[in-house]
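Next up is a structure, given as structure tokens.
The chains carry the letters A, B and C, assigned in the order they are written, with residues numbered from 1 in each.
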Amino acid sequence: MHLRKAHELIEEIPSLFKKIEIEKPLIHHLTNFVVMNDTANLTLTYKALPVMAHAEEEVEEMVGLAGALVLNPGTLSREWVTSMIKAGKKANELKIPVVLDPVGAGATRFRTESNLKILQEVSISVLRGNPGEIAALVGQESVVKGVESVGEVSGLERMVLNTAKLIGAVVAATGGRDIVSDGHKIVVVDNGHPWMRTITGTGCMATTAIASFCSVTDDYFLGTIAGLVTFEIAAEIAAEIAAHQALGPQSFKIALFDSLFNLKAVDIIDKSKVFYLEG
Amino acid sequence: MHLRKAHELIEEIPSLFKKIEIEKPLIHHLTNFVVMNDTANLTLTYKALPVMAHAEEEVEEMVGLAGALVLNPGTLSREWVTSMIKAGKKANELKIPVVLDPVGAGATRFRTESNLKILQEVSISVLRGNPGEIAALVGQESVVKGVESVGEVSGLERMVLNTAKLIGAVVAATGGRDIVSDGHKIVVVDNGHPWMRTITGTGCMATTAIASFCSVTDDYFLGTIAGLVTFEIAAEIAAEIAAHQALGPQSFKIALFDSLFNLKAVDIIDKSKVFYLEG
Amino acid sequence: MHLRKAHELIEEIPSLFKKIEIEKPLIHHLTNFVVMNDTANLTLTYKALPVMAHAEEEVEEMVGLAGALVLNPGTLSREWVTSMIKAGKKANELKIPVVLDPVGAGATRFRTESNLKILQEVSISVLRGNPGEIAALVGQESVVKGVESVGEVSGLERMVLNTAKLIGAVVAATGGRDIVSDGHKIVVVDNGHPWMRTITGTGCMATTAIASFCSVTDDYFLGTIAGLVTFEIAAEIAAEIAAHQALGPQSFKIALFDSLFNLKAVDIIDKSKVFYLEG
């Protein structure tokens, strides 16, 4: 197995990034209470428009206005899962991409089963989770503590590839090194910074980033990679700023949003570490 | 139609601003999950006291302790709307001002109808929304995308005036230029900064600002203008700081709160752009 | 009555602080919507792991993974209180410490009764509130406005001691000066800064700090003091930074988290103002 830099993918990202700003798609979130403010702000930072709406009475109508749907059962309840499935089915009918973030799958049976139910009833475009969450969904051994994946997942690249085949969607297992597969190709995204672990919701934010890109392209494999790369390059720039000023996690968080807002095409081209895994 | 600077209104704002600090009114919010932390912090930044409480079992008792009630169905559900109406009716009984923020009215039938139901059952003191939301409530054509008003609303000043007459409340349509009417007079508030669009919840925050002022004066027209002006001048000062340091939206947000906290009477007098629309 | 510096307690705090980083306990929160993001981030800043999970279907399983449980009914509803009791009972069965933050007890009957119900059905390890909230729970006169304690509570030290005896738990009444008792000893913690009142949720954050320490020691009296001291010393350092730069409450908040993240053992030893109240 060897890595080959994915220049052809990287070169497509800046124009997609610009396309979000021009089209201003609505990103409809059914997400958790912890990150709602952060992901709404992140959507605006990508120059898209956020809406958080979960009532069963309105999710179908709201998703009809949207460019992408985020399902993130991080603080789930039975009622919210029902609304997620309703929104997801409508999105499928309307050919709107659906990104699932299975927060804490594996931690409790209720979480694992709720996420599996969503996967059964809704056709997902992208599944983004940490390695432990994705392993839990496909029945592989993993250690999830609360909503954090702790410990290694063996054969991660193969698992991501196989999960993508199994569910017919793009799968991204993110962490220090992200593994993304569409069931055929495997890509490694090696951007990001350890400081991302010092704040809550970076996984959820990456999901919002992916949804923002998938709302402006039918190539969800590219959209997923673009979301991860832009978000993680902003984190790298933010970490430089925070380190330079000897600051901590919340200064880093502010700098992360600010850096993303100011991100230039040249930063994306120069800093992207996207590789095909081949052989 | 011409604009005449409303010196007599502007001059009253600093003493009201100080009055909030002295009386420390409780501002009872039934608001959305996205902005709860921001609006609680904003209430404190105005030196008032926030409380967020939505349970049907306690809203009537809680509003009895309050100086003003905010109803903001931004992440509504049937249960929360029921609680909003219950709290609103009690506030009416106790002569406590009620400020309604009809987030996303026009985007879905459920939102439009829920807001209309609140308007039917509760006597509102101030209605603050974006032009599209207010247009939707009075049945005028508008384009609302999620919770954002996109595109112009024709005859905005007349619509605001007529809506104020119709519902017997102060109406504020906010955006680049705010239009405020009590059904007789029309005022234009021309403060604020385009950076406000780069963060989520500035509309909801403006509503909290209005409620804070309406808790210390019976003149809700003045209270509405005072809330908008102080919040938007703080945004102008924050934008100067952020621009000077080449920063982004989250630095702007921090500076917005900090600037409001440190706002001086002289800033209010010097920077207020409040005009009567006459003719 | 006189104060004697509690050197022997202070000296134990740095190693406990380090122990959190090493063991990375999961802190399971059932908390309010206003502070969820802040308390999740604070947990990470203490280098522990947060999880927010409230569904009746999963709270028992989730608490089984946790090192401590936080119950904070700040935006309570009947369903959440039911889940809190379920989680609390399971924590009791598994000998996992439970920290209760009775937000707004005394403001409404529903809040007071819900907190009393939790106290009746769950064996609490630590009760942390403001003086008015604790007074309300033991039936003493107090003034609570929304979720804020306003006005003095007479005989505070004795009330805290007696409450601790009554409920068989550590009790901490926090404010300008914190009073902590285990029913035998009384300790005064005199750290912190008035700027803490300018942002929302510092009480809830202190509760999270206490839970983080109680997850790594069986001595909950020490754990409570350690949580208060570290959080409040970080606030002191942050206030110095913010004052030096002439900033406001949100800059202070950022600096509070950053300072806590960078807190050194020597800061804890040098700055702790912990005294036994004797005589």
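The definition used in the following text is that contacts are C-beta pairs under 8 Å (C-beta built on N, C-alpha and C of every residue); 3 or more make two chains touch, one makes a residue touch a chain.
Note that this is a predicted model, so its numbers are computed, not measured.
K.L.:
Quick check: superposing subunit A onto subunit B on C-alpha atoms, how many degrees is the rotation, to the nearest 5?
P.N.:
120
K.L.:
Would you mind working out whether subunit B and subunit C touch using mostly the same residue numbers, over half shared, or mostly different ones?
P.N.:
different
K.L.:
At what distance in angstrom does the C-alpha mean of subunit C lie from that of subunit B?
P.N.:
34
K.L.:
Do you know which subunit C residues sit against two or more other chains?
P.N.:
Within subunit C, the residues that touch at least two other chains are 33, 37, 254.
K.L.:
Where on subunit A does subunit B make contact in their complex?
P.N.:
Its residues touching subunit B are 24, 26, 28, 33, 36-37, 40-41, 44-45, 49-55, 57-58, 61-62, 65-66, 253-254, 257-262.
K.L.:
Subunit C touches which residues of subunit A in the complex?
P.N.:
32-35, 37-38, 74-78, 104, 107-111, 145-148, 150, 197-201, 246-251, 254
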